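Heads up: the structure comes next, in structure tokens.
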Amino acid sequence: MVDLQLEVVAIGGYEEVGRNMTAVNVDGEIIIFDMGLKLDRVLIHEDTDISKMHSLNLIEMGVIPDDTVMKNIEGEVKAIVVSHGHLDHIGAITKLAHRYNAPIIGTPYTIELIKREILSEKKFDVRNPLVTLNAKESIDLTPNLTLEFINITHSIPDSVLPVLHTPYGAIVYGNDFKFDNFPVVGERPDYRAIKKLGKQGVLCMISESTRVDFEGKTPSEKVASDLLKNDLLGADNQSNAVIVTTFSSHIARIKSATEIAEKMGRIPLLIGRSMVKYCGIAEDIGIVKFPENTRMTGDPSAVDRIFRQIMKEGKENYLLIVTGHQGEDGAVLSRMVTDKTPFKFEKYDQVVFSADVIPNPMNAAQRYMLEARLKRLGVRIFKGAHVSGHASKEDHRDMIRWVNPEHIIPSHGDFNLTTAYAKLTEEEGYRLGEDVHLLRNGQSLKFERII
Amino acid sequence: MVDLQLEVVAIGGYEEVGRNMTAVNVDGEIIIFDMGLKLDRVLIHEDTDISKMHSLNLIEMGVIPDDTVMKNIEGEVKAIVVSHGHLDHIGAITKLAHRYNAPIIGTPYTIELIKREILSEKKFDVRNPLVTLNAKESIDLTPNLTLEFINITHSIPDSVLPVLHTPYGAIVYGNDFKFDNFPVVGERPDYRAIKKLGKQGVLCMISESTRVDFEGKTPSEKVASDLLKNDLLGADNQSNAVIVTTFSSHIARIKSATEIAEKMGRIPLLIGRSMVKYCGIAEDIGIVKFPENTRMTGDPSAVDRIFRQIMKEGKENYLLIVTGHQGEDGAVLSRMVTDKTPFKFEKYDQVVFSADVIPNPMNAAQRYMLEARLKRLGVRIFKGAHVSGHASKEDHRDMIRWVNPEHIIPSHGDFNLTTAYAKLTEEEGYRLGEDVHLLRNGQSLKFERII
Amino acid sequence: MVDLQLEVVAIGGYEEVGRNMTAVNVDGEIIIFDMGLKLDRVLIHEDTDISKMHSLNLIEMGVIPDDTVMKNIEGEVKAIVVSHGHLDHIGAITKLAHRYNAPIIGTPYTIELIKREILSEKKFDVRNPLVTLNAKESIDLTPNLTLEFINITHSIPDSVLPVLHTPYGAIVYGNDFKFDNFPVVGERPDYRAIKKLGKQGVLCMISESTRVDFEGKTPSEKVASDLLKNDLLGADNQSNAVIVTTFSSHIARIKSATEIAEKMGRIPLLIGRSMVKYCGIAEDIGIVKFPENTRMTGDPSAVDRIFRQIMKEGKENYLLIVTGHQGEDGAVLSRMVTDKTPFKFEKYDQVVFSADVIPNPMNAAQRYMLEARLKRLGVRIFKGAHVSGHASKEDHRDMIRWVNPEHIIPSHGDFNLTTAYAKLTEEEGYRLGEDVHLLRNGQSLKFERII
Amino acid sequence: MVDLQLEVVAIGGYEEVGRNMTAVNVDGEIIIFDMGLKLDRVLIHEDTDISKMHSLNLIEMGVIPDDTVMKNIEGEVKAIVVSHGHLDHIGAITKLAHRYNAPIIGTPYTIELIKREILSEKKFDVRNPLVTLNAKESIDLTPNLTLEFINITHSIPDSVLPVLHTPYGAIVYGNDFKFDNFPVVGERPDYRAIKKLGKQGVLCMISESTRVDFEGKTPSEKVASDLLKNDLLGADNQSNAVIVTTFSSHIARIKSATEIAEKMGRIPLLIGRSMVKYCGIAEDIGIVKFPENTRMTGDPSAVDRIFRQIMKEGKENYLLIVTGHQGEDGAVLSRMVTDKTPFKFEKYDQVVFSADVIPNPMNAAQRYMLEARLKRLGVRIFKGAHVSGHASKEDHRDMIRWVNPEHIIPSHGDFNLTTAYAKLTEEEGYRLGEDVHLLRNGQSLKFERII
């Protein structure tokens, strides 16, 4: 005869792809999921050094979630739970976490990345305890609340599906994931645990929706590996430089490239500050093992040294794996093509873009300029060796059928994506406003059912 | 001190994708390459039974090449050479070949397909001798002219790159091909032979250009196989019908599907008249070996019988591989969804489109209607498990560099494609009108250089 | 101290463009707004004669609104109110109206069109009283409910903004409209009445959203008239046939064409059954006055006769205004181009499409085939002489600011449009789920505020 | 019995939209048409001050035509003829003209603009005589060559169709033009003169092709004027700032805006350095007469002063017409929105973009950022009040039919446009390589016919 006292607060990521942040309030005990950045808002405000900026300015600019709504939520934050290490999920921690007297909980790789973020922050002093929880493990957050990490696949290692077990049923935080049955790094999704959730009863699933508008199923990372092989082992490139550029955090992709380097008889060279950060940590904590002869260089002067060596010894002995696939100004590839390094491009050198253009006009322009410059130099450009890290429509359908939640809240997208997700749920028998809910940033959903 | 007496006549496929036909006249000895259909012209004229129509009508409608220009070419046709068995390369043989007193030469699979075409023709009686030449073999057509078949990869088995060796140098007919280093059926392209051509001296290469506007390199058929695996082994489909639809002539794709069926514990069932034709011939002549339990059914009454059996025994025991990926009216999939067969779709049955929509509005409409009908029935649709059979820009660049022809003529496309190809040749040092030539249907290029 | 007893029931048009139907229940007195068709669902089911079909089949096919939800609404239907005469607003009357014991109320032109619909219906006998209400007039529907018709502009004459005045405030049914300050037929929108509504207090506005995703303001019909003039008076067409094709119900556009015909020294000829219906009624009831020498022909045999006359006397003496802008199979233009009439196209004859292609693949295909056939005959095609009849984003913003409703429900579109509208309302201070509401077909919104 | 000694040299604009330059060599007397910039090449090389750069660098960057090919052309340059004052036609004069000992000939407005270009050039000293020739006038360039200027319409005043009358027939330089029958500034095209050309015999027409891929006919500038009226007189803007931004050189558009300002009861204010340049000259030489109360301000400090005045006196008293429609960094609108002027935007202020986004990714990004910033401030954005200044497909067809040239060379575009033009000529009976010719930059066409 008591009302259900559970509330989901949509803080960020409910009107955009990016700056994810959600709070779940269970009888006054609050768990926060993710604190991320919205990176393209930064691009609109050029010459912005985020590390020196104050939260309120960043909120006003739309760069980080507007957590001022938390003032209206009665309760105490018990934990900040992060799903994986991408910046749109952890990038706002350095700006927001210090406001909450609560530990930050993530998988080992994610926690290591958060440590680096905290180290490079110049405005705030983040002292929240950092707690490591492995996939397939659980932890009691309070006597009433247990957090479970289910192993999942995504485009960064050590990603999990956090599940909050509450007295009213489980809350599944499905943000982000794909179902990869042939992963290159890590294990397949823990389907058994996911299906078990469905049998035990899930009150609410919060789900990403960034790629729900693609019909079918997202291809496995193995496909990307084959595509990379196709480009690197197929074209006539024996006497030319070969350069791969991809996301620094995409350890599986980078691993594939280093292994193909072996088949090409080339030494894999990871170049770029963030390349070293993400790959270095991954190797340090044993998530990945690159081939013995792999080398990493991030420090600019060391980068220059290695480029001089390459130019002297012959480019054809190396496979360069560099930052800069979006044409970002300071990244290695942009610096290479504008002669800011000792590297010199020659006709028939080969650049493989193992990443899509992130779809906004600023990225499109940067990438266009990068490609225009490469083409002027006669460089051969290869595209398409990429697969997404996000679930497509039929992956989501399986997820819904397996988890079988009473309520669903789509997130990580604006209306175009959250409503595409809502339409999918309608196909599965849900009804808008009844058991599938469109929230906007700052809104919350209270479960007021009589128990 | 004699003018070069070699002429390339662009008959069809120089203003469109389709109805390929080219003649090469060497001192009065004429070799014809391909005689194909332009299929979408047929769609514009509904209710057309091509098999009963006369050549001149079909020419007027733009369905077959306008070979009336041959009247102005002085010389004698010595051979009709076909590159592979797709209808846009062989489909006009039944309408045009009887006009020429010359043998038709092709690889075994292609020749078998031509035999079937001739059998189903109702207007003309085609009695040209059919001559089989294997990849890697040569044949002397006249004392001056030798035909070589170089093994190449494409989306149908037994495809070759025909090369005509003439006293003035070789003529390479590169129409159609891709460079697949991990083919599922057949061998890798004969790179050694291609490079050898370049060293011996090639006077002119005629090259397809249908996909030259895609940057990079076309993915291997192995990628398509992985994508199919991703869809078939990934989604939750244990208790549902699973249907794959692809090109009947795409034996490699069909082979992949039948092998995945084994992993799924299902019996592969090839359904549809043309499915049986292409796959049956391929198996008969030893090009492919499907799993033991594979079954094929083409005859409508047998198809009905098998569907009744499936409905009774349980759809979950079969993997159906059917015709109809473009939503064509009479094809198996369209008949299934409009209840013209005993098959009944149920919610969660799965259809995998392993083919792109051929980009014209009529196909788009048919396919849209097909998908709309499937969705109304709750059928899950999977797309994207496909790769092209045509070379992309960087494949073409390698081809040009290896073959190193004195002259190039792009074909198999309208200006948008042939000029994309011309731009590529400009990057490789060719100049429009000098050594790269844009021909229109009916035009010819004479080589008038002094020897 | 009493709950508000007002409910808006979304019956059709809340998940699609088309089949509009909304019910408003005020203390048990129900007013229905519109009963429309969704035309492209008909195209998916070819060979369908709607006039002979039963409501339940049409509901199941998604062609008409699913009004079976009305069974759950307690109250009595007092009136069926129609906003204007387009089929997506009146086309289901013949299938649904007989179930309700209530009069149908519309403006004179709309009521005349409904009469024709009823006459051609073959399945149901519709005997509801037909009541005429002019723009700027009001009528008491019950002691509590008054209906007001506010004059508005749209792409058909005699369109109104129906407003239901209730004890709880006004309900504005803004479906469909544009703000045209330079209309070709009829008067400018009654801005004074609209602004007055805002001052009196509007409880809820139901608004179309079909074009809210276009930034700026929809151009006036005067622009279309200028564009038509541009095409007709600009190109070199003195000795050729000139044919305009547009919507038969677009009386303003047709009027412009007939007046330009005068400047061209040509006799305007309206050809096609529906052309005669819409234009004939419009002239009969005095909405429009075509030039004296305008002729109309709808009956097929008369059409043939007139075409024979044209061919004999010289096409250059006429401006033909015909049906068939979407390439519809039986329409006049399709029949002309496939030689089903005595009209013969010649090179340089001119066809002006004064209508956009309705964006679905079936229309795209039909129109593509039509144009392909015209081009084969050497006919010159002119496009772009068209403006929309629907409000764009900034028109909607003005509407919202003027009407200032407490609640808003976007309609006439699926999520892509209704959420684009919702985003606009957010810019104006509304909040999703609080005062702007996304309904799906079959859902209703109850106003439960304490008075 | 003498060969025809006439040669057309394609120098720039034959592989791009921009940097137009063509030479015609008649028996050793050379006439150059246009010397233009390719502006987007400048955007790729940021921080470039063109006025200080050397020709060879600009050639290498692809910014100006590569006229080094002129070294191979035997003859003497007799005149540099410019068609109109757009930078893609005159912008390279300051870099290239000094190399030629020849006068520059243009209409009065064009010549005035060239004078300003020369004044702001910092690298080269251009001393070529500047000769004014009015539309409808002719001038003898040499005893053999006469230049005629035919009045034509385009998006800048005083545009002409230069015709070179030679002993071998006329050469028509149709680059750029539209056929506007209701022009806002200047007179209708001189159709009589154009048709007369066709009767006298034209050897070769060089034609722009930038918009030939649009079906139909380009709308008149009157339509743009109506569209502007629609936006400015339609929306609810009485108490808000209203800002129009368009091309500074588009005098007709600016005139329309100033006249609508009168109807709005606002003072028209032209703001921006180039706005003052183009409009000031136009008024000075009597091409246009703006309303009495129109004010112009270009100097930054004066601009600041006027903005302060506006903010004080009330924005609602002015119609601002400013530079910056592409979001260019230093332009007035960009400076306004980034608070670099005393102007402050408020919610509901209105910006009307009377210009399309020039389609390249850099412009798209700049414009996107501009609009994002405006929207954040609540500014209402209006788009679409624009028509092109270039001929569409059917305009070109009329041109070809009227001029009836023996040979045609499409220019001002890459293959996508020049081949679209070529296809049109095929419809009119021309044949590629025979009488319609695709040239690439640096190539030339010799007329070797026997006279």
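Here the chain labels run A, B, C and D in written order, and each chain numbers its own residues starting at 1.
Please note the rule applied: contacts are C-beta pairs under 8 Å (C-beta built on N, C-alpha and C of every residue); 3 or more make two chains touch, one makes a residue touch a chain.
The model shown is predicted, which means the values in this text are computed figures rather than measured ones.
Visitor: Which of B-D, B-C or A-B has the same interface as C-D, meaning more than half of the contact pairs match by residue number?
Guide: A-B
Visitor: Starting from the mean Cα coordinates of chain A and chain C, work out the distance between those two points in Å.
Guide: Result: the chain centres lie 47 Å from each other.
Visitor: Chain adjacency by touch: line, ring, star, complete or other shape?
Guide: Chain contacts: complete, every pair touches.
Visitor: With touch defined as at the start, can you tell me which chain D residues reach chain B in the complex?
Guide: 415-416, 419-420, 422-423, 426, 431-433, 438-440, 443
Visitor: What part of chain B is in contact with chain A in the complex they form?
Guide: Against chain A, chain B makes touches at 179, 181-182, 215-217, 219-220, 222-223, 226-227, 229-231, 233-236, 352, 378, 380-385, 394-395, 397-398, 401-402, 427.
Visitor: Could you list, by residue number, the parts of chain A that touch chain D in their complex?
Guide: Touch list, chain A to chain D: 44, 360-362, 364-369, 372-373.
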